[in-house]
Amino acid sequence: MHLVYPAVLSALLFSVGLYGVLARRNAILVLMSLEVMLNAVNLNLVAFDVWLRDRLHAGQALTLFVIVVAAAEIGIGLAIVLLVYRNRGTSDVDRLTDLADSDDPSVVAAPEEKAEAAA
Amino acid sequence: MTVTTLAVLVPLLPFLGAAAALFLGKRAPGFAQPVAVLPTAAAFVLAAIVAARQGSGPATDAAHRLTPTGSVPIDLALHLDGFAVLIAVLVGLVATCVQLYSTGYLRDDPRYVSYSALVSLFTAAMFLVVYSGDLMVLLVGWEVMGICSYFLVGHYWETEAARSASIKAFLVTKLGDVPFLIGLFALATDAGTFRINGILTAATHGELHHPTLIALLLLAGVAGKSAQFPLHTWLPDAMAGPTPVSALIHAATMVAAGIYFVARLLPVFETSSAAMAVLAAMAAITMIGSGLAALAQDDIKRVLAYSTIGQLGYMAGALAVGDRSAAVFHLLSHGAFKALLFLGAGVVIHSAGTNSLAAMSRMGDLGKRIPDAMWTMGIALAALAALPPFSGFFSKESVLRAAEHAAGGHTAHIPAAVGWTVLVAGLVTAVLTAGYATRLFLLAFRGQGATVADHGREPVVMNAVLWVLAIPTIGFGMISLLPRVFDLPQWFDGEALSPTLTTSVLGIGLALVGILAMYGAWQATATRRRVPIGAVVAAPPQDLEPALVEETAIDTHAKVYGDIAAAEDPGDPGRLLLGPLHRHAAHGFHLDALYAALFVRPVLAAAGLVRFLDREVIETYVSGTGAAPRLLGAAVRRAQTGNVQTYLSVLLAGSVVLAVLVAVGA
Amino acid sequence: MNDTVLQYLLAAVVVLPLLGAVGALLPPPPGLRGKSPDQAVLRHGVTVSGVVLALSIALAAGFDHDHPAKMQASTDISWIPALGIRIHLGIDGISLPLLVLTALLTFLCAVYSYFKMPAGPSPKAFVALILVLESGTLATFAVLDLILFFLAFELVLIPMYFLIARWGGEGREKSALRFILYTLLGSVVMLLGLLLIGIKAGTFDMVALATDNGSHLSHTTQLIAALAIGLGLAVKAPMWPLHSWLPDAHTSAPTVGSVLLAGVLLKMGTYGFVRILLPITPEATRTYAPYLAAFAVIGIIYGSLACLALARQGTGGDLKRLIAYSSVGHMGFVLLGIATLTPTGVNGALFANIAHGLITGLLFFLVGSLKDRYGSTDLDRLAGQTGAALYGRAPRLGGLLAFGAVASLGLPGLAGFWGEMLAMFGAFKPAVGLHRGAYLTFTAIAAFGTLLTAAYLLVVVRRVCMGERSTAEATEPVLADVQTYEFAAWTPLVALTVIAGLWPALLLGLTDPAVRTLLGGS
Amino acid sequence: MGTLVQSVDWIAIAPPVIAAALALIVLVADLFVSEARKPLLGWLTVGGLVLAGLSLIPLLDHDRSTFCLTTAGGDCSYVADHFTLVIQLLVIGGALLTALLSIHIMDELPAGEYWFLLLSSASGAALLPASRDLATLIIALEVASLPAFALVGIKRGDRLSSEAALKFFLSSVAATAVTLLGVSFLYAATGTLHLTALAHGLTGVDPQLATLAKAGAALTIVGFAFKLAVAPFHFWVPDTYTGAPLPIAAYLSVVGKAAGFSGLILITVVALKPYADVWGPAVAVLAALTMTVGNAAALRQRPDASRSAVRLLAWSSIGQAGYLLVPVAAAAYAGTDEIGTTIAYALMYGAVNLGAFAVVALVARSAPDNRLTDYRGLYARRPLAALSMAFFLLCLAGLPPGIIGLFAKVAVFSSAVHAGLGWLAVIMALNVVVALVYYLRWTALLFAKPEGAEAPAPAVTLPQPSAGGGPPPDFAGSTPTGEARGRTSASLRSPTSLTAAIALSAVLGIALSGAPQLVLRFASGGLL
């Protein structure tokens, strides 16, 4: 199989992941698209490893590492999203703007409505 | 004690006197007067001894390195020749008389100590100018005299006239000193030294590259200091100072310094005939203009001021025709009788309670009340009008003789036209001088009307000084012609100074014409002088200090007569003779207004422009540069929207841009 | 005195104020309690600056006056080999007078503030800052390493900022910030030039660079480096277009701050021109000299016209702001002297430097005391229609103000004259290769500038010292004449102005040989 | 077939390993230690870090390397040369000071997890400078970053802390993804991951893959540029630092940046050496952009906004990152010795920035909302703290009395001028002036007279970590409630750990000011 197929596929995958990160509002789905991006890179690495016929298989070794790292990241990512959900009642990425460089000094941020979290 | 050590002491003593006066000042008021008079008197005596020792021998020179400058070093140098020592004697004499006179004139003035210190400092500076052999040291004395004149003219700083006159005096002389300094630089660069001898030898060997330019630059400074035509407007206003100051500074010494400087460096000026022509023209205009103006002045001191400008015009004329002996001769005699006139005027103002001639002409028997002043001023006015046998006649005749000699084309490299202009101007001025001299005497001492209120007796020292100064006024002219007793020409360059027949006859004739014309006009206007005019300083019962009388007189003159200079007095013979010219002559031909329009207004406009430029233009630039980072900062801060997806999009967009640039660009 | 003693003296002169500053912050030791903690710390300031003055005078006495061109009392130990920076101190005929002037002015300021502490927070910080300032300025004149010169240049900024911002008059924060930002930008640009020289020539040592006389630097490097350094120094010695920080800084600085700012800080800029630009980048200085001269001359005219505008009736001018602008004018003469590249001109520049320090220091002291007495230095409020008649109300103060004004307008016989005269004399016949015509016009304009200077100074004397008899005898704001402590602070300045005026060889004898070697023995 | 077990030079890898082992020990010890003796863990961490620091000393004599390939070339994955040792010193020192900063607030945070995460992140950061192949580099970066996400979000109840953690997490992982993409492209172009081999490979890359290689190079730089908070990737810094607990913000600003620039140096100077003419200008532009953005934004910070002190320090650290980049850009033009200046500057920056954070932590104890206005007249209340804060700020600004700050900046200027980057030097000069405005404004505030000493600044109550997920307490800016006032008076006596941290960084700063050669000797090169 010619190298271009996996390369194009990984590029597509990477773009899909990219779109997911930028467009989706729910934090969990953003995490998922991040994983898609990482796996796109894995595909890329494995494809190049085979194409280069690297005796050291550095590409595949790195893929293994990336998979492990992605797993760890998902663990922490979900923990953080859970934390945010519990604190803010929403995991909607667009609503988390308390830390903006607000102009009026007195009020830090309008308190979130409790009702929506309870629902 | 060699001549040089004596000569060094002469300027040093008054300087130390001034320093001592300033330090003693408030602590020991008793010593104030002796500390003022004694050093100057000692300096006068020493100057006389130096003159006697130096005699008509060769010039003595001594020098000590003052400082290296990087190119032309400056030395503390002495150059004593006939001119220097005699003028030093004159300065010593007049300064001592003025100090003595001032002890009476300002006896209980709170600021007498600073006044006397400044006069001593001035005397020291004048001695320095006279004796100095190095141009830069001469400039130091030159400008110290300028600042002393500024402070002394501003002595009555309570009056508005004194406040504006002092700053005007300094600025106009400083305006002259600016080109003067550049002229000195040119001389030093061409001659390679500031020493006068070096410069004279360089001039004679023709090493000066632009003699005309240098001469004109120096002439500007001389015009400023000696109140010649373009820069003379400060002298009449300087009469707002006390009379002894005018006597010392504005009659005998400072104004003579310019003429003395030209006399000292005459070879430099002679290298360019154009400069001599300019000097002659300047002298002519000064003589005639000041003569006319003197006729129209109401203030007694302003008449004498314009007369001084006129007589300096004579000396400048003598220099223009290349005869520095005549010029210095006239300088010496003029110094004596003009100082006498000013001191006499002080006495007159004190006894009459006013300085306005119009008011004096309406006071009866003023002369009988102050006989000494009347007689001495009479003699001095006669000398001023160049009537024999007084010194004025001989010195003015020597000038006219030199001019006639040059007009005949006999003087080397002086064009005949220069001689003619000086001669004609000299003769016209002789008439005018005689005219205003008589006018002054008649109006002051031959007034009719109510007897004047007594303003207290004159302190005896003031009258004594008058007679001391009367001696040279009478005798100086005659002695100079007895070769055995005191052979003046030997002290100078050697040419004869005795008057020739033609010029003396011509001079005396014109003087008589002036006197008679004025006397006739005075008789004609006698009736009009019965109408009272002006006010007299109502002196309080106790004996008012002369200086205070003068101060109030100066202060009230403008309020009473509507103008600091002239007075609308129909009974003024000068008004009759001058006719339409009177109004212009009274205001010095409106030169002040001209200068205000030409110089003062543009400078103030430029100042306003600079103020605007600084506040608007430069300020906006500076605060503008301050604003740029603040705007950028505001933009970056607002970009922190807090939405993480904008951060991610910027991050990824940044990476894409970076990748594209890197991949494509390099 | 042999060189090692001089060496320790110089090192002590530079380091002692720093130790004094640290000492000022610590609580006073039991023995020296004094009446109150404030009084103790102010006395501490006086003693430290007094000792520094004594040491610098001893240094001047020990200095070998026959060879002022030789670098004496020099210590040379390596500090940061990585950047090639050595602690190299030394003095010669050019830096010695400036060193003594700085020590003297700081001592007088310490004495003045011992009796008259400016309004503001704790004097402890005040004394510490003044001593750090003194150490910075002394180091600038004593240091012979380019980067150490930059360090000393910057050491002065923070103390002066706090002096103005904490003890100043109205609008002090804004003008203090403007002062420090403007000067910092200048000095950082200067740093770039210094680094360029250091890297291209391989060493930061001024003496070595001066003896090479720019042989190791290519023409373009010299041009760029000289431009960068020139800009930095021009901001400090306010050259005309870069001067707008000076009036604000002076108007809102306390008296002592103004005296030190005008008396010492301005000298660092012009000293930099003479010590760095002239010997190290001669070709570049030769190309820039006419432009420097042009800006200097514009500065003279601009400064005096601005003063004239401030001095006139009804323009609401402030006296301190006027004297600040007069400094722009006077420093114009100094820069003109430097731009002539002749020994005469540079001698004149160095002399005018010292003279300006003395005279403007005195003027700022006087205006400061006027501000204490009248409460404000606004000319219109002070003088009203006819003048404040200070001659009558406080004769000695009026006399001193007149003396200061006369010295400042460059009366021959006083210190102000020689500097300006020699600068103009140098400009009259500039170094060979400079456009003679241009320099002649500069001389003429500068000479006209002296007239304008005389004009505005005498207008000030007229409006402050003279006045109507009624104002002279008025007694409502009781006006104390000159106090003893004021006399103590001012008489040295007056005496030195007169001595330097009557005997200029005192300074020119020192600087002439040093300047000749600096300009490459021309 | 040699033995499968590779010989490992344990002394070389001692520092990261000690840190990692210590992390595990602390995690396990946390189970057995009772609530009362939890601070013991803190001091255990500090002791461990000191030990890790000491373990650097035996490595000083000569370079050591381990995990090397037995096949061609013998490239090693872990090299402990001078460059690594200095960075590891900075990392361990930074972690030590952060630990000192954190001890006094342990009562609010889960002690065991906190120390474990801190140590593991420190070990990752210590591993990074030593790694010489892209895989180890990426792994080290991740090991340093992942615990940091958790640390930022460790204050469970605090809504801002969790939000900051999320932002930090998402940005960081996205950056890592991009970097990995870059690594894959480089791997495709050169066929190897080892940096030196990569450099060799890049010289002979075949033309079709040239653009791919260049793109890969650019994308690889992104990940580390993100960690160093370079301009377009800096958006996470203000939010994360303000949201995170104070010691962690300090940790990220020093150790995080150290990891960032050491990774960047390794990639640009070692791996992408042939492409120097490509990444040189790019890094220079990034440097200029970063410092300008950092300083300009810091200029406009509102002194009375809540948490404005930390936000200002965040923006200032972005500005400082710009200065750190300048020598890296210079290295592209004037050879690798220039990067020594970055390290020298980083050492100065590390010590001084941590000192500043320590004082902010001290003031935060009495004014929990650490607004800039709370610093007005600090000199009156705490003279020594105020003086050291002034010293730190002036060092960051690069003005005497902060002598070491000045010379560090002079070194950076010198490297820029040496490399001929005149325009960058001028921009840096302008930035020094702009930076001075906000540093000086803060210093002046320290010594300003406290307006109305009797009315304390309106302290907003800090959300107390109520047990469990109770309703989020309101934030209305009210008058200080009882216990907040109580805490203000109780905390006047500053805790020993905090004073130790301030004293340590102040003494370090002053010592370096006295003898800048100690730090600046690295600027004379000979590291890589």
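A, B, C and D label the chains in the order they appear, each numbered from 1.
Here is the rule we go by: a contact is a pair of C-beta atoms (placed from the backbone, for glycine too) under 8 Å apart; a residue touches a chain by one contact, two chains touch by 3 or more.
From a predicted model like this one, the values you see are computed outputs, not experimental measurements.
Peer 1: Return the chains shared as contacts by chain A and chain B, ordered by label.
Peer 2: Intersection of chain A and chain B contact lists gives D.
Peer 1: Chain with the smallest distance from its CA centroid to the overall CA centroid?
Peer 2: C
Peer 1: Measuring between Cα centroids, what's the chain most distant from chain D?
Peer 2: With centres defined by C-alpha atoms, farthest from chain D sits B.
Peer 1: If you tally the C-beta contacts, which comes out ahead, B-C or B-D?
Peer 2: Comparing B-C with B-D, the pair joined by more C-beta contacts is B-C.
Peer 1: Taking each chain's centre as the mean position of its Cα atoms, how many Å separate chain B from chain C?
Peer 2: For chain B versus chain C, the centre distance works out to 37 Å.
Peer 1: Provide the C-alpha centroid distance between chain A and chain C, rounded to the nearest whole angstrom.
Peer 2: 64
Peer 1: How big is the gap, in whole Å, between where the Cα atoms of chain B centre and where those of chain D centre?
Peer 2: Taking the mean C-alpha position of each chain, the two centres sit 80 Å apart.
Peer 1: If you average the CA atoms of chain A and of chain D, how many Å lie between those two points?
Peer 2: 24
Peer 1: Give the residues of chain A that touch two or more other chains, as numbers and ranges in rising order.
Peer 2: In chain A, residues 21, 93, 96, 98-101 touch at least two other chains, as defined above.
Peer 1: Please output the residue numbers of chain C that touch at least 2 other chains, ranges allowed.
Peer 2: 181
Peer 1: Of all residues in chain D, which are in touch with two or more distinct other chains?
Peer 2: In chain D, residues 166-167, 170, 174, 238-239 touch at least two other chains, as defined above.
Peer 1: Strictly by the criterion at the top, what is the full list of touching chain pairs?
Peer 2: Inter-chain contacts occur between A-B, A-D, B-C, B-D, C-D.
Peer 1: For a test of understanding, state which residues of chain D touch chain A in their complex under the given definition.
Peer 2: My answer: residues 69, 71, 133-135, 138-139, 142, 146, 149-150, 153, 156-160, 162-167, 169-170, 173-174, 176-177, 180-181, 183-185, 187-188, 191-193, 238-239, 242-243, 302, 304-306, 308, 311, 371, 460, 469, 471-472, 474-477.
Peer 1: Touching chain B in the complex: which residues of chain D?
Peer 2: Residue list for chain D touching chain B: 166-167, 170-171, 174-175, 178, 211, 214-215, 217-219, 221-222, 226, 231-233, 235-236, 238-239, 275, 277-279, 281-282, 292-293, 295-301, 434.
Peer 1: Name, in rising order, each residue of chain C that touches chain D in their complex.
Peer 2: Against chain D, chain C makes touches at 79-83, 85, 121, 125, 132, 136, 147, 150-151, 154-155, 157-158, 161-162, 165-166, 173, 177, 180-181, 184-185, 188-189, 191-192, 195-196, 198-199, 224.
Peer 1: Name, in rising order, each residue of chain C that touches chain B in their complex.
Peer 2: 178, 181-182, 241, 244-245, 302, 305-306, 308-310, 312, 315, 342-348, 386-387, 389, 391-392, 395, 399, 402, 406, 411-413, 417-418, 421-422, 424-426, 428-429, 443-444, 447-448, 450-452, 454-455, 458-459, 462, 465-469, 472, 503-505, 508-509, 512, 515-516
Peer 1: Write out the stretch or stretches of chain B touching chain D in their complex.
Peer 2: 629-630, 632-634, 636-637, 639-640, 642, 644, 646-648, 650-655, 657-666
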